[in-house]
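Below are structures written as structure tokens.
Next come two complexes built around chain A: one with chain B, the other with chain C.
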Partner chain A sequence: MSASLQRGIDAFKEQIDAPVAAFFSSCVRCGLCADACLFYTETGCPTRTPIHKLEPLRRVWQQEYTFWGRYAKAFGLSKPVTDEELEKWETLVYDSCTMCGRCSMVCPVGNDITYMIRKMREGMAASGHAPEGLIGATKRAVTIGSPMGVKLPALQAQIRHAEKDIGLEIPVDVEGADYMLLLSSMEIMNFPEFIGAVAKIFNKAGVSWTISSEAFEATNSGIQIGVSEIAAELVQRIVDAADKLKVKNVISPECGHAYMAIRWEGPNLVGKPYNFKVVHILELLDDLRKQGRLKTTGKESQRLTYHDPCQISRRGGVVEQPRNLIDMIADDFVEMPDSGTMNWCCGAGGGVSSNERADDLRLKVFRRKQAQLDAVKPDALVSACSNCRIHLEEGLEENGMDITVLSLTETLAEHLAED
Partner chain B sequence: MSETELLIWVRGPALQIATVVFLLGGVLRIFEILALGRKPNLAEPRGSALAGGLRTIITRSFPNRDTLQRSTFNVVAGYIFHIGFFIALFFFAPHILLFDDAFGVSWPALPTQFIDAVTVVTMIALVAVLLHRINHKVMRYLSRFQDYLVWLVTILPLVTGYFAFHRIGLTPPLLIAVHIASVELLMVVFPFTKLMHAFTLFLARYYNGAISGYRGVNS
Partner chain C sequence: MSKDQTIGEALRARGVSRRGFLKFCAATASMMALPPSMVPVIAAALEKASRPSVIWMSFQECTGCTESLTRSHSPTVEGLIFDTISLDYHHTLQAASGAAAEAAREAAMEENWGKYILVVDGSIPVGDPGYSTIAGISNMDMLLETAAGAAAIVSVGSCAAFGGIPHADPNPTGALSVRDLLQQYGDRKPDTHSAVYTAHSTDVDVKNKPIINVPGCPPIPVVITGVLAHFLTFGTIPELDELGRPMAYYGKSIHDRCYRRPYYDKGLFAETFDDEGAKKGWCLYKLGCKGPTTYNACATTKWNEGTSFPIEAGHPCLGCSEPDFWDGGGFYKAISTSTEDISRTAVYAIGAGAAAGVALGALNRAKKTRAVKAHQKVGIDDLEKDG
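Let's turn to the complex of A and B:
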């Protein structure tokens, strides 16, 4: 066995816990998870059945942690996991899964398949079977501080632009602020209006906030590729900056997996609870609304719908807040079928968008989103994840669909009441 | 060995062996799962893991709208054979007498004619499920030898029970002996196969619901 394969198998073994064992013990191979997965429904390819994507991990569980499996292995009766097999599985685990969690919602025996995919990626990465695109993004995140290679001067330039646009100062490195805002590289490079929008809203609402020049990147490639050590290092940078600035809260921006990383996985990765709270921008905005500090004027006359980013809604628990906020500014809001925690993924989450090899596939599975949109025919699609947003824009354009994609935060800022 | 001796052996020592394998094997499997443990969650909770876990144990018995639409056959046939098997096992008067003998508890039986009809429907549903497994591209792709073995040991007690009740083919003592032996086969196979899902699904659903409930999501 090669050293890298051994590392991969060891990582699998380390990842297997009681829930994983309960899940594998319970699978009856009914195939219902296939129908919940857009990578199956849009391709019809049975290898993309969610539970099948875990087959190597399942065999390691069976051979290492079950009574009969251990005997079978000792007598050479079971098939060992090989490098060739993991190589074959790489496209199933990374290209054909966004870790959207929809399969975990339908499994009749209750298997959280996504929980296991996240774990399986640890072994895939350890054995050298992660996609080039994700490896590159992860390297840039570690060395430069951003998966897209965005450096501080780029952020500073965008901040200056925003300040000029809105006529307000954007606080950087302010010690003792209540909130420290994180941003995704995608926001800094492609949707810098987000920064100005937040500044306008916070200024009106009287929120004490800041951006840290030392840790502004919210995304976490370590989680997507499945290397916990790197994921922990990226979270630690944020923890250090938040502690240094003595902020009470850290804001996760309009990015799905960043919320998963900093809100839910972060403390477990760094091994201790935070000294601050983590809130999603939509949670904070909805709190401001409740307190009467966020007031809007005018309504969008166009027909709006909301795309729930998987890691914010189904896997993150922020479901009602965006609807409360949209209600403030929408005259004609309509829910897509399967909206909320059963929403269909855009097709580009979980590292798929960083993996060029999956480009054709993610556009192919966008047809699921297209069908959802066709059912309600909106003029504009509101969302709260810049990764979803860029992929949605691409998918809509590719399919000749005339639907605008809007950021919820930015749209609220446009409707901000002038008192 | 005479027919009577065979029946005595099947009802005595064989049943004892099967019961021990079933219970010890089952407990071992559950122990193997729980012994792996899980790390405490250090993230600040938004909701209750316990409440979420308990809720999902119940709610996952019912399919959501989209699953029902996309996998109608699987869901409906699955319900029928599970419920049918449960009724035939627990509400046939002679079975209840056995439970009463063994555990000292009994409950009202359902009419024999009804059990007979349920058994037929359950067998039909199981055959349909097997045909579906063979014909559906995903199920066929996922299936291993074990899936067919488990199907066989599940339908055998129904078939042999039906034959015994209607006295088809063999003498009554032999029919009963074969029926009991088929149940023993099911019990022996149980702990080593996916049949364990009958117990472990409570763990799986709990963990699923707890993971989501902690984050404030109903899964």
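Let's turn to the complex of A and C:
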């Protein structure tokens, strides 16, 4: 079976629910969402106004579910959504949106535009209008187990390296552990120091933890591309592994959308409550700090600022924790303008980084981050998302900016008190 | 104040901060329903605009409009913008009189022919021109002559816009609004006219001059500054309704924007001015409120720097921004009263509406259920199209 326009329209019809209907009827077309979106502010292109990215979905809602819309459709007064149209919208829905959620924050009538983009992607994917890069990542996630094609032997190799570096054993497949750590492929391949950092901190704090050899991948391409079945399958793998090891908690690592996927969307996707709790690594670290189990020594002399990953701060509510933690190790911490829940997206989330077609665009919209950084001129930029981190490093290099990008967990591990 | 000063310079000289100025621009943009991205455009345009020449004519009027527009308790940006136009002729405000005053008008016309804004308050006596003359010139002649060289005409107040009180039955002076007069007598050459008019009389087309009606008795000050800001920013007149009023300010009825509207919807009315309902602030519909048929910005912009508006003070709306409001048959007479039991009608209406809603809802639910049932699983092999 292949993707088709009809399948896409059917998916739209299926996705439209009471909130979507209420949102579309409430929209007053004020355009405030435009100024909240970095893809609009940095390009000035009016088609990138967030609510406009939903136009085909809105038309299906109007034609199928409203009185006058049905009337207009019956008399040929409104055009049906076409394949050509969806093709045009593909770059708006995938390349020009990171589902960062900033537009939903400013909407004066409270429309959750991001919620609708997520739903619209279901129809886009079913109609064959998902970007090639994201299709590839999704296929790898399902068949290999990771969007970047990382297999278990690669993880095992990185674990061995980490064990050698820190001189500690890293627990794998330990039944009955309190915490099961997930990792994003990017951490495994690009920032393997993260594994060692967590091991060091947990060892000092006496946390009982493990990594599962059956489900270690935290990211979820199904959510980014917009296919709930695939997303559910990927969540189910984690649920099965956690149940098998009988862990009490699952830790979402330094990855934005992984947290959103496993913490917020997951139970709805699999259709039942988890037998375990999901915590973000920063939530756990802040808890350890409060309990006095995480102690640091020395302070960073360089000027630090924190980039709030959208899915962790704005959409996830983990805003205070990173600041408490940075406070332990920073002498000179500055907040960028708009920091916290209104922080600007790095420009690469929501599947944009897996979509090579959007490479130029995501570097272009990095100007927004550049302006934020220029306002406070830090020496180093701390964050808690590997995807942000890779893109931030690329953007900084592209713009000749001499700012180091740090992982909060890794930086804490470096300052871990010996006793 | 130098005529070459831009509005930006003039405001700065009067101590208006950049922040205050931008706030005004943002408020103007939102009132005119322009997107926020237009704020800097408005600011840039106003900043650079040279002060426009304005000729203000008062005909059969009470000076209430001028009072409204010039009165402010502390200098507001609106007030200062208004001050920063080059008001070259205004009966009430100018120091000059007689021949000197008329010479000022002619000089302004000559210097800015085709570019100045003509503001008119008051209606024009056409039946008997003797009711109102200025410097021996009939109002009609003066309007026809001055309109000839105007870029646009702003009819301020209900008298200029619709005829107002002078036009009320039996209209003893034969008063006409500016729009009606130019429509009916636009082809006529004024009997008395100045040398300026003669020099330009070949390219005169007063019938098609853009006219912006800003009715109200009096109109809200910010409406006229908003219209001026729009003109200076875009060089065009704002979008108008069929009565020539800017949609941005006159697009919604008082009723639709009234804070007492929920009481109307619940059927809670004040029956007299001192009953329990009046004390509780219920709807004034039965006391003759013309809010439902009156289009103006009072309920949102309010008066006296946003302090209040008539309904908030407990008095029904008179409908002063609508044509012939004076002849509407009594300010305290309700627009219409229901003969039936209003609450029973409401129950039926709600019942019918709810039934229709339930039926439509059921249809929608059925459609959605069909869509869910028809769902075909999307796997990784279904993400691409064949071929």
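Operating definition for what follows: the second predicted complex is superposed on the first by the 416 of 419 C-alpha atoms of A that agree within 3 Å, B and C clash if a C-alpha of one lies under 4 Å from a C-alpha of the other, contacts with A are read in each partner's own complex, and residues count from 1 in each chain.
The working rule: a contact is a pair of C-beta atoms (placed from the backbone, for glycine too) under 8 Å apart; a residue touches a chain by one contact, two chains touch by 3 or more.
Because the structure is a prediction, the values reported are computed rather than measured.
Peer 1: Putting chain B and chain C onto chain A via the overlay, clash or fit?
Peer 2: By the criteria stated at the top, chain C and chain B clash after superposition.
Peer 1: Between chain B and chain C, point out the one touching more chain A residues.
Peer 2: B
Peer 1: Applying the document's definition of touch, where does A:Ile16 land relative to chain B and chain C: first, second, both, or neither?
Peer 2: After superposing on A, A:Ile16 lies in contact with both chain B and chain C.
Peer 1: Considering only the touch criterion stated at the top, classify A:Asp379 as touching first (chain B), second (chain C), both, or neither.
Peer 2: neither
Peer 1: After the superposition on A, what does A:Glu64 contact: first (chain B), second (chain C), both or neither?
Peer 2: Second partner only, chain C.
Peer 1: According to the stated criteria, A:Thr138 is in contact with first (chain B), second (chain C), both, or neither; which is it?
Peer 2: A:Thr138 sits against chain C, while chain B stays out of touch.
Peer 1: For A:Cys30, is the partner it touches chain B (first), chain C (second), both, or none of the two (neither)?
Peer 2: Touch status of A:Cys30: both partners.
Peer 1: Of the partners chain B and chain C, which touch A:Lys272 in the superposed model: first, second, both, neither?
Peer 2: Touch partner of A:Lys272: chain B, not chain C.
Peer 1: Look at A:Asp287 in the shared chain and tell me whether it touches chain B only, chain C only, both, or neither; answer first, second, both or neither.
Peer 2: Neither partner.
Peer 1: With both complexes overlaid on chain A, does A:Glu229 touch chain B (first), chain C (second), both or neither?
Peer 2: In the superposition, A:Glu229 touches chain C alone.
Peer 1: Just one of 91-99, 307-315 or 379-387 in chain C hits chain B in the overlay; which is it?
Peer 2: 307-315
Peer 1: Across the two complexes, what residues of chain A are contacted by chain B and by chain C?
Peer 2: 16-17, 30-32, 34-35, 65, 67
Peer 1: Can you tell me which positions in chain B touch chain A when the two form their complex?
Peer 2: It comes out as residues 28-29, 32-39, 41-44, 46-47, 56-57, 60-61, 63-64, 66-67, 70-71, 74-75, 78, 136-144, 147, 192, 194, 196-197, 200-201, 203-209, 211-212, 215-219.
Peer 1: Which residues of chain A touch chain B in their complex?
Peer 2: My answer: residues 16-23, 25-32, 34-36, 40-41, 44, 46-47, 49, 51-52, 65-68, 104-112, 115, 263-268, 271-274, 277-278, 314-317, 319, 337-338, 341-342.
Peer 1: Show which residues of chain A lie in contact with chain C when the two form their complex.
Peer 2: Residue positions touching the partner: 1-4, 7, 10-11, 13-14, 16-17, 30-32, 34-35, 64-65, 67, 125-126, 128, 130, 135, 138-139, 142-143, 225, 227, 229-230.
Peer 1: Considering the complex alone, what residue numbers of chain C touch chain A?
Peer 2: Residues of chain C touching chain A: 35-37, 360, 364, 367-368, 371-372, 374-386.
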